[in-house]
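So, here come the structures, one by one.
Next, two complexes with chain A in common: one pairs it with chain B, the other with chain C.
And now, the complex of A and B:
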């Protein structure tokens, strides 16, 4: 891996290449959005007739049929999807089948909790991941390095729901200093952040470590050290800033993972964010909400992916013209 | 975009600034928690059990049914009487006010029932309202409900899923408005709702006295949705929640050892059952042979599963109904747990080496495993196929499955009319299609005379048990856990009466 920062002045070549690159990415992104929304739409029907879920346990066959007709579920699936897509393109996502209020409003109510949780978690895993990765790289092969790698292995192998319950048992019950559910104060977010951030940390630790180890072996670091610059300054100012590049683009994608991966954590800590909304909507067959959430999450993913690619491309011009990106 | 951003920031700040919600006797606030989020509070447009429970707190019905004695008592009505087989007269109370301060009169009753019965208004459970012919105002506080046919369960419906709404308000806001800002006459009124998350109810100071719901004692009820059972338990132990339910038996045993918590194991109206495709809609199968079905009935240790896996107050049942329901009987053929006899019956049916079937279910996996083990012990190799409730119900309706294990809660109506007709009158859930049984059940459904009804149902239950058309397994029980300071009585219809709760 080479860390060749572009030496060319920003000129027409760069601008043109970047624009083409962005256009291609954007086109791909739209394709991804269409595919995921179509797949999600058909999958929603696979887990059972939504009319049947809407009608409730003791509904008769006639009642289910009535609900099916009332909500247009009796139409062929492709027709229903086309109608949803046409409305969606016009910015009209319809009303929740259960709440009978606009889907956009429901999601806007639930989004702050998820955004707050995901931001706190990515911050947490960045701070600890970077620190541990850097220390491990500096002490490559030593006991600290091994400990960091071991910790990252444990963090990666621990299922989120299990870890969440364990820290809840410890800090909400055994030593009750933090609340175990709700979103009443910042304290309510401590355990969920820990649970979600813990799982995302290993990727950052390992990436920081390997990338820093490579940078530390490059000629310019050797030169810097030869010039008599103190080691600490060499690492912090020269090596780490360069080693950070891949970490930054990975964390952007990790942030997307936090947003979408918060379902389990939201469920356990009873945080009423988009993740939990998604879960309960799937359970109830509230298709307009499921579709909108999937579209929103795919959109976030696509945008974050593009953002991360832009960062990477800015840093490495080779990527801009490569055909596989 | 900027406003949205502002809203998000304000939301985060609010989340940061608000303190912990209070629970307990000290604050006279009862905090209840359950798994699902409550969405619409208009009971005519919601199918969730939680909505039924809250509906009883926010609204009143014309009459009330005592879940233990089965007696009907006047609620919004002062008195009621049957004028003939198809009309019931209600004299209403004149001291009832809606939460918005308006007085309840005959106009509200006439409007509500006439509105919900119209098919074009599309209330979800048409079976709850389709029997109403018309509702007539005969005085300022007097109405007559006319039914389309003699309906023995009319009073059950009027005492259950038919709350009375304020005419002026409902005409203005409709189901959407009622779903988020409900206004009723009930013992509690809604003060705050964040859909799917929290609901705050406050004691209705104007609630009339002398009614069967009593006078509410607790000042405030907060309902929270906590999807994870372990989290509910920790909140209960920390005193942040006062009441939870539907705990697994092992959790209940563990929690029961703590002094700060009271655990109650109470029976419910729900029964589990094995359903066979006797009519053969899903194609030929060994289950169409009566001896094979009898073998299955003898092979499963129903009492054992009930006591070990369901809870202490769960019990084996023999007729296809819950023992507390009107019309249920014990006078049917009983199949005791007897694996040797089961093997013998299988051999007689031509399966001395046993047979293989698929058992479809959505229910409790541990119970399904126990059933499979009992079947395997007599040589019936049953392969489990698990899916969601809705998916399975649709498969049963379409006649695609030969053998299912499911459960039925009778919509909390303690009359067998809420269970047998669904399965035995030729509808899509009827996997037997026995015309005799169908005729008895239909006739009973149009008979007011109690003894005659009972006799007709008994014939149906006996035929069902004789030919093992369905194998009723056991009644379910529910584990409730609550703060030991709370006095709360569970009821068999799975509808907790929070308005009767008080502090010890």
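And now, the complex of A and C:
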């Protein structure tokens, strides 16, 4: 159902090839999710014995055994996995071992912060990355171009957590205009967004630049120029839309990275998002939450992948009829 | 959906406009190469070069500032940390961790990824489908989370971190090796080797592998930077190398509490990390550029 809803607004010129292609990708995505969920499930059992965590530190061996039986931890792992997966499909991931409330509820509480942060960061890096990449491409080889490349090199070599601490030292302590922690107002999101967005920017700058440089050398751009269309219009309307395709797919991947990158940033700025939840759950050995978060992140990644395929097809009509890409 | 759509820095046309700046690019990458080699030497001979024992606390000289501050002295050029340990010595020993993790993890993951990609690209069919699926699964796994989870179980030792990163960072090698092998498979010299009756393994190792070397080297430099970055992030989160072992990420984490008054504690290991990553990236970029210039088209 999902693919049909998303493809509808684009129109009827979608060939069957594209539909079949998306179907195949969807099937592949489901297969991938099955695998990551299995890995997440077995991996998190390495973290510790859930029964002894649940029973508490002072529990006797008998109590632990009782808990083990009660929660079904005594059954073979494949059986447990099948049951976990079946419950997961119904949106039921059990209770957090530490917080004693349903996992879905805990994650629902933490997810908005991370989604705000990741969306704001990708927006930030897209705006600056696209602008700088485009300017660099137009002035290829010039001083501005080299400045943009230098900046992207610097951004690429700056560890997120170090950059986050620097801007915190500057804007929360040195010149206190922005809060260093909490999520009370939009101000609290400025520094985390800057930290995460700065990290994703170089990939977008470089990609926009190389892609636009290639497009600007094509015949149809020369034709458009020869027709007397102003250069600015040629770049913005003709070249950039065509150069955008690889940038879309990379920014989708970058968005996926941001979800994990937010672990460090949320830790530093004390934001109660999924990243911080993941970290503290790993520390506490809260298995149901770790499993659900890994599954959630790979689900988002797979969905974003399918979305980027749809956007790519929408941007590039050639892809719509291609039966295999 | 999972195929890499990232175009590499290839440009098929002659870059006349770039030629004048080429010599400066060459100089920059030479400086970067010298920096990395020098750091490698310093790390190797750390016990000889380091002025103090990086583990030995000296409670009489706690939190001494670096030499460029008024209170700084040449006895501790980069100052001392909150336990009075010499910061320069810790920095020198920290280089060992970063370089070791960066190069060893890249080497192992490079072998895994190249083998998988080579098989997939050369054999095609089912093998290709399986490897492509494996790559998709790997890409859909959140790396940092998986690494955190494993390290929290197995404990943060250098060997565990190298092992975890090796098992997580092979995807780009596999993608590139697969693409290269698919292209090279159709070349005359490969077909000729096949016609001569060479064993497929021989064709892969003796004919195809040497021809994708330069593409793999570019990936390798990127992955070295990636591995160094991940190790420092893991150590920063307290899930990497355990204290008192000096790792640059851990040093930044330890300096976090003194951010307000002694921000140099956070700054120094960060600059070291930044310079190393910058140098590795510069080297990777110039190898990539050299490749496109020499290789021209395909």
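Just a few scattered comments:
Keep in mind that, in the parts below, the second predicted complex is superposed on the first by the 266 of 325 C-alpha atoms of A that agree within 3 Å, B and C clash if a C-alpha of one lies under 4 Å from a C-alpha of the other, contacts with A are read in each partner's own complex, and residues count from 1 in each chain.
Definition applied: a contact is a pair of C-beta atoms (placed from the backbone, for glycine too) under 8 Å apart; a residue touches a chain by one contact, two chains touch by 3 or more.
From a predicted model like this one, the values you see are computed outputs, not experimental measurements.
When the two complexes are overlaid on their common chain A, residue A:30 makes contact with neither chain B nor chain C.
In the superposition on chain A, A:279 makes contact with both chain B and chain C. Of the two partner chains, chain C is the only one that A:302 touches; chain B does not reach it.
In the superposed model, A:61 makes contact with chain B only, not with chain C. After overlaying the two complexes on the shared chain, residue contacts for A:169 are found with chain B and with chain C alike. Applying the stated contact rule after C-alpha superposition, one finds that A:267 touches each of chain B and chain C. Of the two partner chains, chain B is the only one that A:99 touches; chain C does not reach it. Contact with chain B, but none with chain C, is seen for A:112 once the two complexes are overlaid on the shared chain. Shared interface residues of chain A, touching chain B in one complex and chain C in the other, are 47-48, 165, 168-169, 173, 267-268, 279, 283. Within the complex, the chain A residues that touch chain C are 25, 28-29, 31-33, 35-36, 39, 43-44, 46-48, 140-141, 146, 153-154, 156-162, 165-166, 168-169, 173, 206-207, 210-211, 213-214, 217, 245-246, 249-250, 259-261, 263-264, 267-268, 278-279, 282-283, 290, 293-294, 297-298, 301-302, 305-306, 308-309, 312, 325. In the complex of the two chains, the chain B residues touching chain A come out as 4, 7-8, 11-12, 15-21, 36-37, 39-40, 45-48, 122, 124-127, 175-176, 179-180, 194-197, 224-228, 230-231, 234-235, 237-238, 240, 387-391, 393-394, 397, 408-411, 418, 422, 427-429. Put simply, chain A touches chain B in their complex at residues 47-49, 52-64, 66-67, 70, 96, 98-101, 106, 108-109, 111-113, 115-116, 165, 168-169, 172-173, 176, 179-186, 188, 267-270, 272, 276-277, 279-280, 283-285.
In the complex of the two chains, the chain C residues touching chain A come out as 1-3, 5-7, 9, 11, 13, 17-18, 21, 133, 136-137, 139-146, 148-150, 152-154, 225, 229, 232-233, 236-237, 239, 249, 252, 256, 259-260, 263, 266-267, 270, 273-275, 277-278, 281-282, 285.
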